[in-house]
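Each structure below appears as structure tokens.
Two complexes come next, and they have one chain in common, chain A, joined by chain B in the first and chain C in the second.
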Partner chain A sequence: MQEANRMWASASFVGVLIIIGLPLWWKTTEVYRVALPYDKINAFETDSHYISTELTVLANDDETAQEVARQIEKAFQESDVIKLKITKKIIPNKLQHLLDSVADEQEALEDVGAAFNIKKHNTFYVVQRKPLYQDVWVGTERVAFFRDIKACSTIVKVLEKWIYQPSVLIGARSEIADAARQVRFPSGPGYHVVLSVVHPRPQELKVNFNARDAIEDYIGSFVDELTELHNFTLKSQWLHLLDFDFEATEVPGGRVAGAERLPLLLTRLEERAATHVSERPTLNLALYVVPCRLAPLALQRYDKEIPPPVQAFMSPKWGGVVFGNPTPEECEKQVYTPPVNLIMGTFLSQLRKLLGITDKEAQAGARLEALRRAAPRAWERDALLRLRALQQLASAETSLRSLAKLLGEISNIVINDEVGASINLAVESIHRATEHMEKADLLEAHRYSQRAFLAAETAFMEPSLLALLYFPDDQKYAIYIPLFLPIMFPVVLSLKNLLLWFRGKPVHKEKTD
Partner chain B sequence: MLKLGIPSFFLFILILQIKGDDFKEEIFIKPLPPSHLYVNFHFITLVNGEESFEHSHLAPRSLGEIMSRYQVEELHLTLTEGQWKHKQWGYPVLDAAPGAELYAWFSPEVIDVDAHWKKLSSTLSGLFCASLNFIENFNTITPKMSLWPTGAQKLKQNYTSQLRYASLPREIVCTENLTPWKKLLPCESSHGFSSLLNSRMIHNTNYHSIGVHVRRTCVDNNCLDTNLEIKQTVALVYDFKIINSMDWSFRKLFGQGLPGACPLSSSSKIYIDTTSNSTYRFKLSPEPNNIVLSQRGGSETELAVYNITNSVMMNIVAKYETKDKIFVNIPPPLTFTQYVLGYGKEFGGIVTELTNNYWAPIDVVLLENAPWWLPIQLSSLRINGEAESKLIMSQYYSPGKSRQKPYHLELLLRLPPKSTTTLTIDFEFVFLKWQEYPPDANHGFYIGSALISANLPTAKNYTSLPIHGNTFDSVINASKPWYPMIFRTNGAMVSLPTPDFSMPYNVICLACTVVALAFGPLNNICTKELVLKAAGTPLSLRQKIFNIFKKKKD
Partner chain C sequence: MSLYYVYFIFTFLVTIKISNAIEIPEKFQKSNHTNNWAVLVDTSRFWFNYRHVANVLSIYRSVKRLGIPDSQIILMISDDMACNPRNPRPATIFNNAHEQINVYGDDVEVDYRGYEVSVENFVRLLTGRVPPDTPRSKRLLTDEGSNILIYLTGHGGDGFLKFQDSEEITSQELADALEQMWQKRRYNEIFFIIDTCQASSMYEKFYSPNILATASSLVGEDSLSHHVDSAIGVYIIDRYTYYVLEFLENVHPNSKKTMSEFLAVCPKSACLSTVGVRRDLFKRDPSKVPITDFFGSVRQIIITTDPIDIQEIPKRKKPMSINKTKVPEKREYLPQFPMHLVKTTV
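The block that comes next holds the complex of A and B.
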């Protein structure tokens, strides 16, 4: 009877401390975490994303269409990042007649536009046109003309190097940045474009330049075409008295700036340009008005060739700088009128690269119609959409994967409801973006990938994750050990006796002689 | 036009043509006999038009960006170290509370003013490297009577609901605030008057205050168009004891001479108040360009004006002729002081004394702003010892809420002539949660200054610009029926009951030990049994080992 009492007492200690106490302690000290779709996050395969796109081959006869389509299909068969859906058609007689008779390519383009919907995103038309001077001709619309069946290899090259650029897409998808990704700005919902006119010596020279009109006319008409990708805000400012020592060396006919000094110029500009107050990334365009005592200032030595009309350089992911060199006559008159066309044209070409439009290398037998307007070509916009969609998707997946890994490694990270919601939103958007990409629905795919990217970034950068990160474990133990060690020892030791008693075995061995 | 040099002629055109932006710089120097010197810098940028924030010419784009993003109509930010002594020094051009002070009116379109206010203060905190991010709802008030917009505003509009005011008396102002402030100037610190603002010298003063004030002003009398005025100010009070002589010069005050005007400014002028020359004779060299006599509200001021146009290094020197003279200080029409009453850690009181030295009554609005941890009770308000006073013409009281809202009391008082009015209000001390104590909690807790806005009937000792004025020349002969001014009293400090911060850990350790000590015997008694053991029973292995140790001990 006595023993039963003792055992029940022991059992109640165990009951209170271990069965009720431990779970209670566990529950109350738990770090708050919303349930996350870890399995979905771990199942991401960034390298398996691909984009479908529609290509229509229009030829005068069935045989040509077949052959061209076959060649293109063969070339893109191995690419896992872009999948072409090729349709073959014979050009209707009326259009064929028109194409053969009009002299100008632009006119022919309009004729194709009248018969087919070339305004649709993510489509491309390869159209046969007999009276062509070269094998392939590419304009600003989603159409390429080719002359005949012999132009097949050129068409394939043009599609690979200009239109679809699978290598750049692979670079966007992979974890390591390729050359193009090192130059272009990271994805984002919007950018500020700031034109800074740097005027180091306002007391000596008057500059006739309307920064507001310049940026709104030139850059404005360019970025208006890219509104489906990002929002842009255009700003301009004047930075006066920003003196900079170029350590220029005298050469015949001018001066050459020390190349190693140019990064320091960017630092000086950054100090004054006030880019830190805006919440969005800023693309910096700086027109540096060279003081008369240095003009003309060049960036490198030109021994034999004629120096280019504009001296400019670009810094990846930052922006571009153009030097405005006043002529000696202008210095004499103390009024400098910068060549707006030339300067803004240079800024535009820098901006194209910074936003991800790559330069197109010349291909033998192919002709790329030069840009007549500031706006990018229609197929370049498609390429950008594809690029950004893939990059955002890859980036969102990487962020979520890293977050999941971090959560596994660091147990102190809190995931509150908001972060949980944005992670779930990101995961869902990634799935929808993938579906749309495979269905060749480019605009929707880009929209969802952007949403996924933003949600993943917000979740990853959320400061509430770090709320408990710096709560050190040793402080917890400093409190637990004095309390739990002396209490838990006897209770745990009594478990053995308790188990024996419950099984009906004698607790103490009867020691008999 | 021919008189102007060619460079300045082009400069003139440049400024007029490109944007219509206009930049002016001014210094106002006033000796405060017998021992101090007041130096006030003004940098004014006028921006033409309504929406030129996105395309700035002379105005700082960073500030414009903030103003337009948060739809701020008018903004006043000052960062001040030291205390302006009104009784001794007269009135400053712009008064500022010690520490950081920020108030702003938001555009009427803003619905969630509090959210904008929070974002504005955080962004400004980043821009000026000041701890303005500590501005929260619990230290923000909306003054009802004491603050009015100084800029052009549309009529028939409710301004007070769009206003937020906060001050951080604990903020320490230093070089890291001055550097970003200088970056807002078009000439930065390389040219013009701003090159005098050498942080080594200007922080070596009795009082220094830097400020940014943005408001809209009328273009002309019809006020159909408005300009945006960005005014950056620096106020310094030098102590002759620190500069070691009564004679002052630019080289002594700023460590260097003035390198000339900023090439972008349309006017660069230095005004030296030489009124005190009649009692304390001093001689300025070089000679000023002209001397202006200004009669304003019954007081006469003599100003020596230097018009700086060239970029030749110059050093203005003042040499005093009589050095040891006894100075009789005639106090300005309205003086005030604030202090804390009480002993112990339970009850206390704030006393504000307002003295009207003028022969006519002066109407003032007094704003007391007590943090939530210093609850003031309206029932304990006494004016000259009376609970019901005839002096109160209007009153507004908004009780605070713990951790949410400060206590806010505004009184419209008519101060009788030649008298001192004493206001007392009691408070209780509050225990804070241990995480709410600031670092170095035993240093004490600051109470912000009270705001006193007064319409002074006389311009004696008054140096502020008239409300429509942009530049300092607008004070000349600017007689008005009254002279509005917002004063800040001195701040005060209380020491709240402060615990020993290692106490919680000690308590935990002690409690754990006690629990452990109590638990051991309890557990033993309940679960163990003492058994008698017969002698001669064979020893178990364990007991044998124990015995070895026992033997060794013996």
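The block that comes next holds the complex of A and C.
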């Protein structure tokens, strides 16, 4: 009887500790991980994404149209990042007559605009116009004029280097940052643009400059055209008594700032410009009013070349600085009125480069009409949309792939529901964006790619994705073993006796006389 | 016969000289980083650990002098020595008994201070998983072209670094954090310096590429402090950092010194502990990497030559503001006793 009690006691120990306790402990210490679509993430092929776009060739006769279309198709055949859907049309007689008789290219543009819809995104028209001085002419709308069939090679070069720029698109899609990507700001939903007027000697000179109106009008009109891409917040401020030693050397005609001092000017500006107030990246545009004793200050020596109309420089991913040099007469009167048009024009040119509109190098036989307004050209907007769509898509895929790899490698990171939801949203948006890009639906493609990018970033940068600190595996066992081993030891040893008793055999050998 | 030997040695030396002269343009291997960041961490608190704060502030001053802007330096200091009531020289921190340079200065920008310096915050800073309301100055906003200098100092042991006298970061966690940075392409190259006891154990577990690591002592050795300042009453600076600073004093922004000179900076006779180096994860040859790749700052300047000539002055349409009729604000006193809220019982 006593033996039965003992055996039941040890059986209950075994039951609680091993049968109930062990699975309970395993279940309660496992890390909560939501199931992720690993197979879909591994199936991403970033290098195979491409954008379709529509191109219409309008010529006076059939033969020209065919030849131009054929040349363009041949040139863009190997490009795997952009696929052109080329349609050929003959220009209707009335329009042809208008194009031949009108003297000014702008009027010709209006005539074409009246006949065809050039406001539609992701389209481009290559139109023949006999009375052209050059082979090809490109303006601010989505139209390029060409003279005749001999201009084919120039048309192809213009499309490659100016309008579509497949090299820049490939750079946006790849993992390595190319030169254009190193200059422009990283993709994001919004930016702050801060115009700082830096006035080191307010006691000596009065500056007449309405910074708020200047940034609202000039930069505002520019960013209004880019609302589909990013959200811009415009701010302006005055920074007084911000002195800086340029280590300027005297040259005939003025002074030249030391080249090594210019990066340090940016550091000095950063100290006071207070651009860390928000979590959005900030584009700094600084107008530095050069003190009278240093004016006119140049950035480098211009011995033989003609100096540019304004001294300015920019720094990639930071912003730009323009020097305002007061003339000796203005220094006499102690009132300086900076030329607003020129200065804001310089800022705009820097802003364009910082946002991704690249410089267009001159092509033989082609003329790119100079931009005379604040707003960007229509086809530049399309190029930006394509660029950002591809870059955001590629970045989202890279983030998801590395997140999946990371979560696979480090097994004690908790994956909660929000992270799972973000990842699923990102995967779905990537699929939709890819579909829209292939269908040449650029605005929708950009919208979905931005959603995918933001969801992937949210998932990767989720604060809860911290590996469980102070709980690595070897330390886990170092805690459990001294805690549980002394208890488990007699329990395990008594298992043998327990089994024997259950089978009905006597536990102790009976003493025989 | 001897003349023949002399002639032979002479030609041999001349050939060596010429081949050296031809080699000079190849001296530095090109780096492709576009910006420089520094993460400087002091992990120990209490007055007797004054030297750790002096260590990290001295490196901060050197790095600032060589050009890295404050917006790209993350400085984490666990305890306030300058305003410590036991400091006989208030508002100053010195790294030398001669007390010539006040490394605290009046323009120091400490990003994480006091109890904010914890293992969790450090790992969050490195991996970027900071809470969403963290200001930009407390985030490590690096990208794929950033070279980062990471400097850790404090008390350490075999496989761990002590934070705030109450918690530790293990070498495995640090290695995992750096791997997460690599996966997100948050750095181009990292130079990792650690000045604690048994410091080399902290970099043994690294497995991400492009990291060059150096430590002030090997496993089983202690890093020692340099000298005491009897006026302040504590040890002022550690040996390894003292000799590093001596080296950095001769480095200016156009310096041609290489990383391998930095890695050899403290021989055992001076440091009394052996300096450890880990270079197998670093692709370039340290003897061809200029020291300004990590200690200086690259900031590209592009001169603008093509301003836009705006003909028509733009005018942005202001959004229509709703006409708000100004209601005159009526002000009155609240009743002294809120009897109107009390239900009167009959």
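Criterion: the second predicted complex is superposed on the first by the 449 of 513 C-alpha atoms of A that agree within 3 Å, B and C clash if a C-alpha of one lies under 4 Å from a C-alpha of the other, contacts with A are read in each partner's own complex, and residues count from 1 in each chain.
Please note the rule applied: contacts are C-beta pairs under 8 Å (C-beta built on N, C-alpha and C of every residue); 3 or more make two chains touch, one makes a residue touch a chain.
As the structure is a computational prediction, the values presented were derived from the model and not from experiment.
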Touched partner set for A:F13, first chain B, second chain C, both or neither: first
Which superposed partner A:H276 touches (first chain B, second chain C, both, neither): both
Partner chain(s) touched by A:G190 [first = chain B, second = chain C, both, neither]: neither
First (chain B), second (chain C), both or neither touched by A:I487: first
Touched partner set for A:E3, first chain B, second chain C, both or neither: first
Which superposed partner A:Q237 touches (first chain B, second chain C, both, neither): first
First, second, both or neither for A:R212, with chain B first and chain C second: first
Contact breadth on chain A, by residue count: chain C or chain B: C
Which superposed partner A:P202 touches (first chain B, second chain C, both, neither): first
Chain A residues contacted in one complex by chain B, in the other by chain C: 271, 276, 278
Of all residues in chain A, those that touch chain B in their complex: 2-3, 6-7, 9-10, 13, 194, 202-204, 206-207, 210-212, 215, 233-238, 240-241, 243, 271-272, 274, 276-278, 334-335, 478-479, 482-483, 485-487, 490-491, 494, 508, 511, 513
Residues of chain A touching chain C in the complex: 175-177, 182-183, 186, 216-218, 220-221, 224, 259-260, 262-264, 266-267, 270-271, 276, 278-279, 299-300, 308-310, 312-318, 320, 322, 341-342, 344-346, 348-350, 353, 359, 370-375, 398-399, 402-403, 405-406, 409-410, 460-463, 465-467, 469-470, 472
Complex interface listing, chain C residues touching chain A: 34-35, 67, 69-71, 119-120, 123-124, 127-132, 135-137, 143-145, 167-168, 170, 172-173, 176, 179-180, 183-185, 253-254, 297, 299-316
Residue numbers on chain B that touch chain A, as the complex places them: 6-7, 10-11, 13-14, 18, 54-58, 60-62, 65-66, 123, 126-127, 183, 186-188, 190-191, 263-264, 311, 505, 508-509, 512-513, 515-517, 519-520, 523-524, 526-529, 531, 537
